[in-house]
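Order of writing sets the labels: A, B, C, D, E and F. Residues in every chain begin at 1.
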């Protein structure tokens, strides 16, 4: 039976393996025929959404990995706005609200509140946490 | 029943202790990332509370050079096996 | 794993369990874990907290803002009651290991033995571990 | 006797206390009459240099704290370019070199190589590490 | 002689073990951040290798509510005392 | 803390000691620590590595690129000789605790007892711990 999954990702890419594990698990979930509905980025996981990450060309590009899950599955990529702001992750709206000169979060990543994490837990069959 | 995930090296004994205290018959433990090193025979004591219901993720084992060094009481599963464990258990808890 | 009756009653009324097992101040885990609990409560969810391992240290009395105004997590603790988060479970062995007693804690808690903790972990309730 | 100090900061602000400890220690070094010559940001410490960090207004602003040490003491604020790039920290030069649309590292923070860390260790009397 | 810094909770026993193995007469240990909890009497065993040469940072103690709970064998120093320890020792090592 | 004669000789010729005490793959510590060692060597510094605790695991034979092409740290290890970093010290107790022997390691190392390790830590050489 196909299940719906949510992932909570709390590790920063290129610092800890947690983000890679989450991406691999997300792909395996899809390959098994389940739906990966939501990935929620919290704690240092917000750095997965950075439009400015510039890994060496011979290494996996984590943000691109998440975007490809969104393109393939419509997976929501939700970034906690409070955790992101203090860590320097903002979309255009937050940048202009806070008088910042630039932004580094763009669709399909969406800044959102913790309520969306609770929604995902409530409505999806499974929730897995990947932390540093 | 629950699936427990540990991703920290055996040096982080607290993760093993806290997960082990809550482990009951019918639960499963999956070792991923640096927790693969807990599958070495030398770390067997740390896994006692998990009553032989311990699996380790093959891809992470291989990267670490641990294939062929795993304690016989630990089951090796691949990423599909990981997903299967989450199908079986409604609830998953990550100890880090 | 059969919970005592009063614990079973608590469990029957819950929507979310947040487990806190890291120390406060040094890292952001307790703070961000409590934020989840407080937001859930603000959305009308019935939330319980389980303090395990170093998590019990976030309940110590006498905490203050740190140097450079680092806020710590005790102001959030003080808000729990206002948000109707009154089910606070504390691992008895975590307290004992640190030489602490319930009197050392800033809020009234229920001290849990290992069987109680197992019952909580297997109550089939949405659970987040921080 | 006045000594010269270098700090190696490896913890991200708003995730771990290490960055705050380093800043407090740096200020205390100066108050004791020593020279804080260099702060080198490596590993997750590179996030201390983010121009986009937006902490709540009632909390210390770490990047501003470092900048004030630079203004007062001329402390060099050096950010490892390799550690920064993969974590999404770029100045204008690196942004244009890598085709990125924005940058988030500005003076007095400088992107630099690990050689500068070794230089600081060699030329200063003391080196302290603050890690997560 | 060297100054050793530990900033991890006593749960991170490896930091205490590795620093303790290298500790010699004339060294000092300073506990900062979550290592302040190692100054509680209940953690005394962890500090045995450091031969009574253990200090803890007052500002970090106070934030954690630990003033008045510190083991009598541990010295309390403020941030200026921290700088003084680095003046005394050419070399400082951080265990994390 | 008096080093054996051969160790004293090694120490006399060094500019930098890098201590590695975390496991590879799971986090970036070993990689970024080795980067420092390699850059130092490229600048002509004479570098030694001390593997302590989980750091010894980065020397295990048979390591591979991880899934998703995660590179690991063994390619850096393979470059050490090219950069003339040939002084590799390994804590004997760290090996023993993990049930490992020098034969399990990908490079020739000197196994150090605790007195040797203390001598290294107190050689008054620039030392970075990762």
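Here, a contact is a pair of C-beta atoms (placed from the backbone, for glycine too) under 8 Å apart; a residue touches a chain by one contact, two chains touch by 3 or more.
Here the structure is a predicted model, which is why all the values come from computation and not from measurement.
Enquirer: Out of curiosity, which chains are bumping into both subunit A and subunit C?
Expert: Common neighbours, subunit A/subunit C: B, D.
Enquirer: Looking at CA centres, what chain is most distant from subunit C?
Expert: F
Enquirer: Mind checking subunit A against subunit D and telling me if their interface is mostly the same residue numbers on each side, over half, or mostly different?
Expert: At the contact between subunit A and subunit D, which are copies of one sequence, the residues are largely the same (over half shared).
Enquirer: What's the chain with its C-alpha centre farthest out from subunit E?
Expert: Greatest centre separation from subunit E goes to chain A.
Enquirer: Sort the chain pairs by how many C-beta pairs are in contact and tell me the top one.
Expert: Chain pair with the maximum contact count: A-D.
Enquirer: Where the CA atoms of subunit A average out and where those of subunit E average out, how many Å apart are those spots?
Expert: 38
Enquirer: I'd like to verify one number: the distance from the centre of subunit B to the centre of subunit C, where each centre is the average of its C-alpha atoms, in whole angstrom.
Expert: Each chain's C-alpha centroid was found; their separation is 26 Å.
Enquirer: Which integer distance in Å separates the CA centroid of subunit D from that of subunit F?
Expert: Taking the mean C-alpha position of each chain, the two centres sit 27 Å apart.
Enquirer: Can you pull out the residues of subunit D that are in contact with at least two other chains?
Expert: As it turns out, subunit D has residues touching two or more other chains at 14-15, 17, 24, 43, 59, 127, 129, 132.
Enquirer: Which subunit C residues reach two or more other chains?
Expert: 25-28, 53-54, 66-67, 70, 129
Enquirer: In subunit B, which residues are in touch with two or more of the other chains?
Expert: 7, 11, 14, 33-34, 59-60, 79, 90, 93-94, 96
Enquirer: According to the definition already given, which pairs of chains are in contact?
Expert: The list of touching pairs comes to A-B, A-C, A-D, A-F, B-C, B-E, B-F, C-D, C-E, D-E, D-F, E-F.
Enquirer: Which subunit F residues qualify as touching subunit D in the complex?
Expert: 16, 28-29, 32, 35-36, 39-40, 43, 45, 126, 128-129
Enquirer: Under the definition above, what is the set of subunit F residues touching subunit B in their complex?
Expert: Subunit F residues touching subunit B: 22-27, 53-54, 57, 60-67, 70, 72, 74, 97-100.
Enquirer: Spell out the residues on subunit A that touch subunit D in their complex, using ranges where they run on.
Expert: 12-15, 43-44, 47, 50-56, 59, 85-90, 94-95, 98, 100-104
Enquirer: Note which residues of subunit C are touching subunit D in the complex, please.
Expert: So the residues of subunit C touching subunit D come out as 25-28, 66-71.
Enquirer: Using the touch definition from the top, list the residues of subunit B that touch subunit E in their complex.
Expert: Residues 11-14.
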